[in-house]
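Two complexes, one shared chain (chain A), two partners (chain B, chain C).
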Partner chain A sequence: MTDIAHTDHRNPGLTAPAYRPADAPRRRLLSGGNIVTLLVLALLISIPIYSKGFFVFQMTQMLVYAIAVLGLNLLTGINGQFSLGHSAFYAIGAYTCAILVELGGVNYMLTIPIAGIVAFGFGFLFAFPALRLEGLYLALATFALAVATPQLLKLHAIEQWTGGVQGIVMFQDTFDVPVPFGLDMDPGVWTFYLTLFVFAVVYVLAMALVKSRTGRAMMAIRDNPIAARSMGISLPYYKATAFGVSALVTGIAGALNAIVIKFVAPDSFTFFFAILILVGMVIGGVGWLQGCLIGGLAMLYLPNIAEIFDNVVLWFAGLFGFADLLPSGNALQQQFIRLSGVIYGVILVLFIYVAPSGAGGLIRAIVSRVKRLTS
Partner chain B sequence: MELMRTKLMAACAVLAISTTAAAAGTTVKIGSTNAYSGPASAYGQIGQTSAACFNWANDNKILGEDTIEFIPLDDGYSPPKTVEQTRKLVERDEVVLTFQQLGTPTNSAIHKYMNAKKVPHLFLATGASKWGDPENFPWTMGWQPPYPTEGEIYGKYLIANKPDAKVAILYQNDDYGKDYLNGFKKGLGDKADEMIVAETPYEVADPTVDSAIISFKSSGADTFFNIATPKFAAQAIRKADEIGWKPLHFLNSVSNSVGAVLKPAGLEASQDIISSGYLMDPTDPEWQDHPEFKDWLAFMDKYYPDGDKTSSFTVLGWASCQTMLDVLKRAEGDYSRDNIMEKAASIHELRVPLLLPGILIDTSPTDYYPIEAEQLMRFTGEGWERFGDIISAESE
Partner chain C sequence: MSALLKVENLTASYGELQVLRDMSFEVEQGGVTTLLGANGAGKTTTLRAICGMVRRSGRIVLDGQDISRRATEDIVRLGVAHVPDGRGTFTTLTTEENLHLGAMARPNNKAEIEADIQKCFEFFPRLKERRNQQAGTLSGGEQQMLAIARALMLRPKLMLLDEPSFGLAPLITRQIFDILADLTKETGTSMLVVEQNASLALELADHAYLIETGSIVMSGSSAAVREDESVRASYLGY
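Then we have the complex of A and B:
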């Protein structure tokens, strides 16, 4: 927000990127934030080196989810618009990819940007009627979109393309994703690096967007629509753009999901998935784009929380020697799986209690406390 | 993450040590996915029953010294989650096979994967016909009677008992509806075109099926095949009664629940409807003294006390788990994937508890449909009355 203040009152003739006040500290290349970013990137790149196929697959999923969280965060965190319907844009991306690959014979890598563009179109168009709606009403309209999507995908009229309830199985003949350029690489590892590359590109562009004039206009609308309007910011234009860009990013995630899972079906994109993206965003931190990786991890592991809990209890039991008191292995897991909804809920509530502004808020609070202690 | 993994590995190691110390036999790892959360979580009872059943099997030394470790995972009925969980079972937990995974879309998502990895994908909890395709998918096998088999049974019944019938068919416009429709036509054989006078699909999103029923009446049909899920099946029964259309009414077994379909539709309107079944109905007084039923009650009381003893899900869970145990017993200690698949594809006239008396399980390397027999039943008073012989559509 300070950026906007900088731009205008002192030197209104200049645009933000060109103008930097003389007393502002120069941006250091190796600031704390950049070091962390590089470390995370290095960690991600090295994943296939030290782990097995399944973990690589899970991390690929996590990155796909992280892109979806990033997409929703651009809309909600940056522009302040609510959406419970992002599963719809995710589905559009996934189906665009699957249909182009299976029926059009298009190279799957090319379908990723195409899926983004198609989703952008849908998002932009959906935004126009939705623009009249604010807050809760917009949430309801997008909710309707999420509920309608799986049913629309099953429609008989478009069954020859979507495969109806059956869905579309991708890479029928090869089963594995074809590895390009004659690389001698495991298809799973290749998919991971492809996803990581797309994630990095989307992330850098999203960060650039937020820092640009457009990004500041979007944030101004979020913080005070009336003030933004009086400053000459076109509300419909920026809101629709935010919706479009958010859908674009989510659509890209959907296309990657199709490539990773190699199967799309209406039941993959229910309203519950939209909620899961929302949960991922809240846990990562609303308005804090860096949190998308944490959001992706949450989306991956929260639904499995009962199993993890089961394993943790077993581990403690083994450590402190009370394993004999527990019911035998199968029965214990049975108990936990029955309570999976409860455990999920309790963990979510605890998290919101400990970190009301998501992981982003928690990390910032820790950093500022450490700084205060050290200075 | 890595820390977590290390912890889990440590936990596994501790477990492994303790189990190897306790038992001399080998441990058979069986994985499964089911909807334990989300909108389809009612089906979770099937998996719960199986988990309890494997505990029962371990306690009763069904496999001698060998024990079963059953790993049920939750997929919330979401196909991408099924892929993730199944890969976890196969690649991380290294299960020998997966058993009774739930749902058609969810199993479709892993169909290729399981066959590419050559992991037995056994006794799925879904009735789609595509699970019996040994030529293209030799590692996947269903369990319950496939929908086309049931359709075929009604068709054959009609040819035998009412060969001049004029048939109207209502069906859900998806795999499931078309599976039934195709089976029914196969049962009618050459006379299908002549006998079927109306054939109307509906969409799951449609609010009602009333107009279809009205058009059926005016088409002059005297026989009705109702291929609909519970809500629509009930609407069709009620509407037919309202407009005074009294055809010979076949109702697919998907919707033959008294509580969920026939009571809401009206018991009066439901009289004389014909459907079919292959499992003992736990609410039917006829079975209360049957030894298999008593065994099941004793099992439920001890191993799954809060399970629903009036639900067909817990019956199905027990019966399919017994099928699995039979395959493992016949594997005689050789729990390799090849051997297990071979044993699963060579079940010969096996009697499994809680199937209707007279129904036997049969498979072969070319027949991947374990149960292909059902018995017709007619709704009389407040319950189903079975009649006639067990009708089999067992492929030759």
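Then we have the complex of A and C:
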């Protein structure tokens, strides 16, 4: 034990030797949470070993979505600010990547951090006018951002860089993502591992941020902004930083999306995509960063699941003679009669009913119940 | 004793509504001063004006330094800890995280901050038992203790306490005031306490000011104010 002698001119009464209390909780290397993290990581790493092609592509996409959900969660879950405009930061990341690769000849891997920095700049700057807005008003301002971005990307004046309505096709000469270091690897598998690596780095850094002093200040603002000011926390500084960091993470997801799809176009980044990220975050658990993978899965599969249910419903309808419910007409007309949108909504409502605080709340409730039963 | 805080002609308003008019008062070094007054008299606004959380004019001098144009963060950094009305608990964070936040305006010296948290736990053993509990699930009295402990984490020169008795049972209120009395004795922290419970506040304080509709109408030593007929009739009720 070392005594750090320090005198405090203001308040000698509170000085004390520096010591680590004996009863302070020790950090265990193999806690339950860490084991689950390692298991999930192992599961993700092994995906290309037991599967191929389309599934690997889907999992890559899921990881990209998970990063975007993580980004939004840093803003909404950790700092308590709403955004219906994260599709804009995603678009900024994607276009930064595509323009740098296709027009600048920059290595695509290098564009990932650059896209993050550019998105950080946009997010930080957007935060300043948005600082005066709270709750619903901030939601409206970010909504405007989401609506404006695809239109701005189509502007004729910048068409030589953005490709206008057509967008930008990437890796035209190689047709595929170039695999570096002379690795003998399928480009799809390589993209998966690249995305997984970026996801892991972003995840670890995000968790460290939340545990840091800065993260604590952001959560304090979320819990009680007035008391946070009383603690000497600068609201504009931390709110703008949270916006910037959130945009940075989402921008990185956007850049990866461009690399994975090998194509960017304005209409991939509409307001509807911002809502999808929001749905992913709510399903994963607002404020629970670990839920981002579940959120990514939900963004990817929920529309598919709804469609499968839709088919089942229609099949039963046919079986029991409710012929009126069956789709009629040609394929195009059938598409409009189908109910997958309705089922998507029903699934969401049921999920929120069962797990009002998302998968995070559900998992924590189950864990605490199991603990109570076993003790 | 010299004045740690000197407030001269303080005026404050919320938009069009002027709440404080030409208030002047002092808080002595190492002493406890109380501002008494009914609901809406301007007690909370006075504390917020000192911290720079509302628009204000006039002179506010802390330890020889004019802070009347400083931002809240700077004022906190100069050693003014505010225990806001309604306690201002960070509800979803743990007790310990709340205490860490109290030291946000201090240099990030982990060993010192950890040592001060232990000091707080010695002063408030209840908080130690609850260190890993979500602060929003603490009882009202525990949350008030947490708010005071969190303010101590700044190692403040001056503590501004906004209605420490807010929403607490009489027995708990008494306990909180005993703790505050011990604190000034042990740490020598100066305090400005805003209170509706006049008899408790006068017991704790050396000096008292009476506010009515945003102006000071009476001041003096606590003993003198307690003896005053009109104060007795309207604030002490005997």
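In this text, the second predicted complex is superposed on the first by the 322 of 375 C-alpha atoms of A that agree within 3 Å, B and C clash if a C-alpha of one lies under 4 Å from a C-alpha of the other, contacts with A are read in each partner's own complex, and residues count from 1 in each chain.
Note that a residue touches a chain if its C-beta (ideal position, glycine included) is under 8 Å from a C-beta of that chain, and two chains touch if they have at least 3 such contacts.
Fair warning: this is a prediction, and the values are worked out from it, not measured in the lab.
> Just to be sure I read the superposition right, which of the two partners does A:230 touch: chain B = first, chain C = second, or both, or neither?
The answer is second: A:230 touches chain C but not chain B.
> Residues of chain A touched by chain B versus by chain C: which partner has the larger set?
Of chain B and chain C, more residues of chain A lie in contact with B.
> State whether A:55 touches chain B only (first), chain C only (second), both chains, or neither.
A:55 contacts chain B only, not chain C.
> Classify the contacts of A:312 with the two partner chains as first (chain B alone), second (chain C alone), both, or neither.
first
> Give one of first, second, both or neither to describe whether A:151 is in contact with chain B, with chain C, with both, or with none.
first
> Could you say whether A:133 touches chain B, chain C, both of them, or neither, answering first, second, both or neither?
A:133 contacts neither chain B nor chain C.
> After the superposition on A, what does A:41 contact: first (chain B), second (chain C), both or neither?
A:41 contacts neither chain B nor chain C.
> Considering only touches as defined above, state whether A:268 meets chain B (first), chain C (second), both or neither.
Touch partner of A:268: chain B, not chain C.
> Per the contact definition, I'd like the list of chain C residues that touch chain A in the complex.
Touching chain A: residues 51, 53, 71-73, 76-77, 79, 81-84, 88-93, 97, 100-102, 104-105, 108, 111-112, 114-116, 118-119, 132, 150, 152, 154-157, 186-189 of chain C.
> In the complex, go through chain A and note every residue touching chain C.
4, 6, 8, 10-14, 16-21, 25, 213, 216-217, 219-220, 222-224, 226-234, 287
> Write out the stretch or stretches of chain B touching chain A in their complex.
1, 4-5, 7-8, 10-11, 14-15, 18-19, 36-39, 44, 48, 51-52, 54-55, 58, 68-74, 76-81, 83-85, 87-88, 91-92, 104-106, 108-109, 111-113, 116, 173-176, 201, 203-205
> In the complex of these two chains, what residues of chain A are touching chain B?
Answer in residue numbers: 52-55, 57-58, 61, 151, 154-156, 164-167, 169, 172, 175-176, 257, 261-263, 265-268, 270, 272-273, 297, 303-304, 306-308, 311-312, 314-315, 318-319, 323, 328-331, 333-334, 337-338, 340-341, 344.
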